[in-house]
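Input: one structure, supplied below.
Order as written gives the chain letters A, B, C and D; numbering starts at 1 within each chain.
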Amino acid sequence: MGRAEEPTLFELSEPGRHSWQLRTTGVPAWSADELVPDAHRRREPVPLAEVSERDLVAHFTRLSHRQFSVDLGAYPLGSCTMKYNPKVCDTVASLPGLTDVHPAAPARMSQGWLSLLVELEEALCAVTGMAAATFQPAAGAAGELTGLLLMRAYHDARDDRRRRVIIPDSAHGTNPASVRIAGYEVTTVPSDGRGCVDMAALRSVLDRDVAGIMLTNPNTLGLFEDGIEEIAAAVHGVGGLLYYDGANLNAILGVVRPGDMGFDIVHLNLHKTFATPHGGGGPGAGPVAVAEHLVDFLPGPRPVRLVHGAQERAASNGTGATAYGWAMPPRSIGRVHSWHGNALVLARALAYIRVHGGDGLRRVSERAVLNANWLRVRLSSVYDVPFDRPCMHEVVLAAFTLRRRYGVRALDVAKRLLEEGFHAPTVYFPLVVDEALMVEPTETESLQTLEALADAFERIAAEASEPAGVEAAHAAPRTTPVGRVDEARAARMLVPTFDARAHVGMQGDREQ
Amino acid sequence: MPDYLPHTEADIATMLAFLGLSDVDELFSAVPQALRLAGGLDLADGEPEPDVLAHMGALAGANRAAGLVCFAGAGAYDHEVPAVVRALSGRSEFVTAYTPYQPEVAQGVLQAVFEYQTMVARLSGLPVANASLYDGASALVEAVNLGTAASGRQTVWVSSGVHPHWRACLRTFSGGSGHRIVEVPLVDGSSAWPQVPVPSGEGEAPGVVVVAYPNYLGCLEDLAVVRRIADAHRATMVVAADPVAAGLLRSPAEWGADVVVGEGQAFGMPLSFGGPYLGLFSCTLAQVRRLPGRLVGETVDVEGRRAYVTTLRAREQDIRREKATSNVCTNQTLMAVTAAIQLGWLGTLGLAEVALRCARGTRYLRDAALGISGITPLTGDTPVVREMALRTAVPARTVIDRMAAEGFLAGVALEDLTGAGGDGSADADAAAHGLLVTVTERRTLDEINAYLAALDKAVRP
Amino acid sequence: MGRAEEPTLFELSEPGRHSWQLRTTGVPAWSADELVPDAHRRREPVPLAEVSERDLVAHFTRLSHRQFSVDLGAYPLGSCTMKYNPKVCDTVASLPGLTDVHPAAPARMSQGWLSLLVELEEALCAVTGMAAATFQPAAGAAGELTGLLLMRAYHDARDDRRRRVIIPDSAHGTNPASVRIAGYEVTTVPSDGRGCVDMAALRSVLDRDVAGIMLTNPNTLGLFEDGIEEIAAAVHGVGGLLYYDGANLNAILGVVRPGDMGFDIVHLNLHKTFATPHGGGGPGAGPVAVAEHLVDFLPGPRPVRLVHGAQERAASNGTGATAYGWAMPPRSIGRVHSWHGNALVLARALAYIRVHGGDGLRRVSERAVLNANWLRVRLSSVYDVPFDRPCMHEVVLAAFTLRRRYGVRALDVAKRLLEEGFHAPTVYFPLVVDEALMVEPTETESLQTLEALADAFERIAAEASEPAGVEAAHAAPRTTPVGRVDEARAARMLVPTFDARAHVGMQGDREQ
Amino acid sequence: MPDYLPHTEADIATMLAFLGLSDVDELFSAVPQALRLAGGLDLADGEPEPDVLAHMGALAGANRAAGLVCFAGAGAYDHEVPAVVRALSGRSEFVTAYTPYQPEVAQGVLQAVFEYQTMVARLSGLPVANASLYDGASALVEAVNLGTAASGRQTVWVSSGVHPHWRACLRTFSGGSGHRIVEVPLVDGSSAWPQVPVPSGEGEAPGVVVVAYPNYLGCLEDLAVVRRIADAHRATMVVAADPVAAGLLRSPAEWGADVVVGEGQAFGMPLSFGGPYLGLFSCTLAQVRRLPGRLVGETVDVEGRRAYVTTLRAREQDIRREKATSNVCTNQTLMAVTAAIQLGWLGTLGLAEVALRCARGTRYLRDAALGISGITPLTGDTPVVREMALRTAVPARTVIDRMAAEGFLAGVALEDLTGAGGDGSADADAAAHGLLVTVTERRTLDEINAYLAALDKAVRP
């Protein structure tokens, strides 16, 4: 099951089939031409698929059997924190009292949501050591851009025009891209031999044109930047701000806080650290938390706890209970979302945080780091470990020896792992490591699973020393729904829609 | 100690021994002592799931709006979401997967997104659609980025008929991009393009022209005019289109749009206090290399079997880095999959029917409402498809408060929309007395009639 | 995915792991020995598995990928009516207002449920042409037994002791088994050359010792017993009752009613006709509907609409609305279920019936019969059709020619179909047909699916004429999670639990 | 015309033409004209799903009991069912499969049932468990059938501590089987075995002895006595055991049970007005060929891979037909899978904890309730684990009505239990004033205290 090719919904379609059923309303049945002026009226309906509910279900259920997921097995995709997503959060995200609230409903009618957001904000501030947060950014990258606009607003407010933002060479691609889109120039600093920011290089690029630095700590090599105090002092010294990319917060919950390290702005990836599922690529949530001196610039309106007084009494409808409302920060950069952010994702995160509590979140990080280090030590004899010292929640291995000796690349190792029932690690990232295999087991994998994963890694390496093994590695994966995919052809003969197939002369079906 | 951690005491001991450590704290030896958090997080201890569920349930119960019959819209709509769509989009294979970086084990998501792209392209009439953006506003921002890059000009003419929050986002992000946003006023529900001062030079000429169809007051703009303006300036024409209204209206591509963006919430996503929603984005083939976000393409595997993969990856931030034209990584894939399922469920005729029913309900309510003394039209005779702006004799916020007591979410006060984002484009009185009312296919005649009766009372001084 | 062997939960278990989380109650924490007398107190906890929630989820999700289902594809299993089960019914069956009602809640507090049951009873009576029904039987076989006890009670009440029940030789195994358990003797009547009850044979066994006859119509050959009027007259003539096995009601909804055919007792399989899912083998629901003269014997208590009067006013709490209550039929055979039957299954059936309505149910049968006949005609040139005349909702094909010519049996055809992505038809049933392949496409399969199914059937038959094809048929299935299973060994070396593995010397894992 | 039928008009025309028919009605030509239903079914026309959902929602809303805090038990319990169990047992592969007749594509259900059987066997202490029966009552009926077949004797001694409804079922089915059911009275909560007249001959000697543990009043019976009676008569000892209480109590097998049956609802099934529930059945190896229902066994496939299959099929009705000892075909597989998941979630310690918490809550409530004037014990000092019978000064039905107004489902009136099945075993006054109260692990101290306060008021004359 899952191995048979699945036709597209359009190929299953037959004119006249239907699935839809709509409420009986009794509203007068004017025709389209009575309702829409001729010039605007569509002549033919939008051609979609026409299938029965039965075929709709079979189609998407079969597609789901062609998809790997956390629920099917270990997903040690470095930097992505593919931990188990508790099912209780699905229940939370489907409570009608949360799902059926219009985003423009007046505060008086959405006290539950406002209270939820304020509670989450307080929790995230406790975790990061910051003063306040915005929930509007819908994912990490959106948080980055928001954070950089805050940085800009901060300097602008001091009439201090700065043009550059510093980024280490190990940074995730969203960092430089966000910097560029925020209208800044990127200055890259190299990593030193220990995998940390090269302090000398950093100092050499620091001047009053530097708006700030973007870092994640632990960094994308899975290593803790132990010079962070020095970095912070240096950047603050030239008037720059420190931006924390929260992708790796999973390593340090309850251990150390970005605020205490000197960061001014933090974005969090709730879909990583707080187990809200990734959904095949989203939705995420990328709240941005800031230190006191940046609070006034936050996007708005923001959910706030109303101070006791007239406003509160009005909002709580005379009940006297603490009530919540909206407030626009005085020097807000403005909106960064159509509404208030990915609200249901936020509700999931709060539930996760409450189940764990302060004590549980710390355990999360301890176990994540324990798991990663166990894998590091276990695999260090068969894979390269470019920076072989204690790592945090992920470890960057490399296949350069395998490649040099046997021609087996990181990509081959990844594809072989798919055959073994595991998802592959992140490959070829961070860019500073050749043939990188970035492994993040997460805290929800058991020792048995780690052992099985390590066994698979070792088996693949051992096989590589034999010709059949090399061949198998290059031919992998063969037990997956499809084999290696021709990516070059996809780009060369672009088929971005079913309708585009006709242009490149694809057949409705391959030869039987 | 509720959590989801599998480690037994024995496991921990074994693992620490393997690492040569005697204590879990030693795992964090790289963290300078001075920085370490003493005393743990300032958060309560963990609570078991049922307690947490009770708490979340209490919060949910405190949202009175959830129980009101919804006549509010303004970009977030109460449409039918059938059980089948919830069941399929909730399958854990879709929910708990990551971005399909390993296509061999991600054909499920990839194919679903490919089908989504096809549907979005058919809705807009343009040949390419991406795998989703965050929401309508972010899709618009990306469209403007694409348009300015294509035209090489930073000036953007934006109709004030574009949703106030989306315009607010445009303004926010222009703080980084440096775009010059020129807002074109609405007069009687339509964009007054002639009111924009004639550009005094290349710098002032628009590189992008943006219009909404229908606009946020529910009115149908003349897109032919917009196309002529775009042609005159060799500007990119961006249309923010309501994808449900598309079931009744000529496609933006027919009107000559270069880029079409929209909010896809109507396709299977509950109101959810504003998210997660779905940014729809489609464009011409000529622009495909500037397309923001992910794109799934069809190809073959080593054995020649049909396969799907994310393509034109060179555009994306993880490869182009500081040269990327968009920073989007995580998007709204699950929502795109949901929309594909919902559109598969609606099908050709279902979408047309939903649009038609919305228009019928809107017509019925509008005709009757305008018969109420205390209600006047805010947008004159401009055709109305799906959303209408009324002027209420008492402030709209008051109307909404009064109607809530009768069980209705009466609509959205214009003041809340235009004020919240710090807009100020609408004049203050119109905003305070402007009520945006929506009728979806879910509203029954009985509900509408009860609404009208309540409205009649609510607008009395 | 789905092809890798999955360890049992017990093998994934590690002492000290846990998933459970229980509400914080604050109840005093007495120890077990303070609560349970020594003699009764368990010394060691019941050994179950100890796994994390993450492993629990992965385990059962992986198991689900080793399971075929209606949602994955066509399931033409004759007699079982594996039609599409609408998802809206899942929503109905999870409404808290239905799921959270204790079965012993007083009628005043469960008016919704009572009203639902009465409405469903009325609908089932409309469909069957009967006077009243009981919902207690949890499945078809339980319905049969209940119906036979009603038959007995009816005769007993007339002091008319009868010992035999007649069953055609094509009957389903539950019929004779139920007869036996109801304390009757089975008298089998053969089918005639047309696949119907042999009238002469029937007459020859009819006498005053016959309590009744059990039939399904259409019968298990998918054929309508067109002599039903004659049969009914003959059985009634000797004072016997007619029992209708509702397994095949899907063929005749809105076309003809058991009551009108002369049946006195009918059981329905809601899990067949009314699309309540089969759940891998249950739960079902087997309500029994009866004609007027049997109503007094029905199991009880029964949900009833209260007659206007004091009782109603009490139950409706003075609101005056029509109210519902419980009533014990005066000569009830008693209870046949712990409570009121499989209530949530009943709720699903009512939702299905309401969506279709009278008009829709008739369309269901029309399309079911259309689909079956299309397959019959299409496949009649390549498979044997023992009774080649218009069938109802299913068609019994046979592989005796394939077997004779090439040694390819019905079982082989079935296993090959599994490889093609379809479920197999029912094989070797009914017993009166050699190498039977009983195909019931159901009305929810589209013409395209029927074509694909017929193509697969034809391909298998065509391949059988070549040696490689025969070999492939015998080796099938090879693309399924496991290959052909050693059933003999399962019975010979019985391993009914994980703990029994030790006794028969099974390894924890097969050799790596 | 809402339905789920895929046929287009064109499909129907094509198919009819292929069959040489001109009309759909001709498909039914075998049905005698006289029998055909004229004018269609006497049912309303179909309604679209949302309308139906609204109707069903209204029915659900009319069940006041759903909103009450539940202190009712009597065989149906309000236990925690976590989201994870609902999510997994609701997976459509489990829900929409049939009986695993094709093991190659049914390993998912087969293995889950195999695990379920293992868990049930561990709970009872017996080596074999079947794949489920309909409910507790049907499991008991089958156990009695097995026992009479094994002993060759038709007389069955049944403790009146067995749930009244189950005994009612036994009586009903004895109408077919001819079993002679002798009910043994309860005295002060315990079976009074000595009150059964000494059997006057082989015909009167019991072939089966049945006892409940704990019994339906919550009391722990002396099973050693029952074993001795069974031994004395070479009878089969059947124990109807509460599988949750098993978390605290010695297993029935330790007491010498030959067959253990039970109601499995507590393992993941909501109250659901009584169904679908789950009949638990386990027995000794010696009885395995008389085992009713399905049995899954482990074996291997052609390649030697571990595999599961339904086994000892020769026992089943489809093969043995009129010689079968049970007619069960469809059972409660999905509930068995659900129970396996729930027991996997509870695990060794979770089950023990649930049982302990039930006992604690029960103790707390009982101690406090007996301090209320108007409440006296119904079962003397007999140990109580999980359920208790109280005597209320006013009729129990009145108490339940009064307590409902305070938000509680106060329990089950004994009268309703014993009357409903036409029992009459309990004396009328005890029945009218008997209130069966249950405390599960879900009941908080606050709820119990509020209950006690309400009870105090409710029992006043």
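The definition used in the following text is that a contact is a pair of C-beta atoms (placed from the backbone, for glycine too) under 8 Å apart; a residue touches a chain by one contact, two chains touch by 3 or more.
Note that the structure is predicted; figures quoted are calculated from it, not measured.
Undergrad: When the contact pairs of B-C are compared by residue number, which of A-D, A-B or C-D has over half in common?
TA: When the residue numbers line up for over half the pairs, the pair is A-D.
Undergrad: Count the touching C-beta pairs: is A-D or C-D ahead?
TA: Higher contact count goes to C-D.
Undergrad: What is the distance, in whole Å, between the centres of chain A and chain D, each centre taken as the mean of its C-alpha atoms?
TA: Comparing mean C-alpha positions, chain D is 46 Å from chain A.
Undergrad: If you average the Cα atoms of chain A and of chain C to get two centres, how far apart are those centres in Å?
TA: Result: the chain centres lie 46 Å from each other.
Undergrad: From the mean C-alpha coordinate of chain A to that of chain B, what's the distance rounded to whole Å?
TA: 19
Undergrad: At least two other chains touched by the same residue of chain A: list those residues.
TA: Only 1, 14-15, 17, 21-24, 51-55, 57, 61, 65-66, 68-69, 71-72, 84, 86-88, 90-91, 355, 444-447, 480-481 qualify.
Undergrad: I need the residues of chain D touching at least two other chains; which ones are they?
TA: 2, 4-6, 11, 47-50, 53, 80, 82-84, 86-87, 92, 105, 442
Undergrad: Within the complex, which stretch of chain B touches chain C?
TA: 2, 4-6, 8-11, 47-51, 54, 82-84, 86-87, 92, 105
Undergrad: Mind pulling up the chain C residues that touch chain A in the complex?
TA: By the definition above, chain C touches chain A via 1-4, 12, 14, 17, 21, 52-55, 57-58, 61-62, 65-66, 68-69, 71-73, 84, 86-87, 355, 421, 444-449, 479-481.
Undergrad: Would you tell me which residues of chain A are touching chain D in their complex?
TA: Those in contact with chain D are residues 1, 14-17, 21-24, 51-55, 57, 61, 86-88, 90-91.
Undergrad: Using the touch definition from the top, list the residues of chain D that touch chain B in their complex.
TA: Those residues of chain D that touch chain B are 49-50, 53, 80, 82-83, 87, 92, 442.
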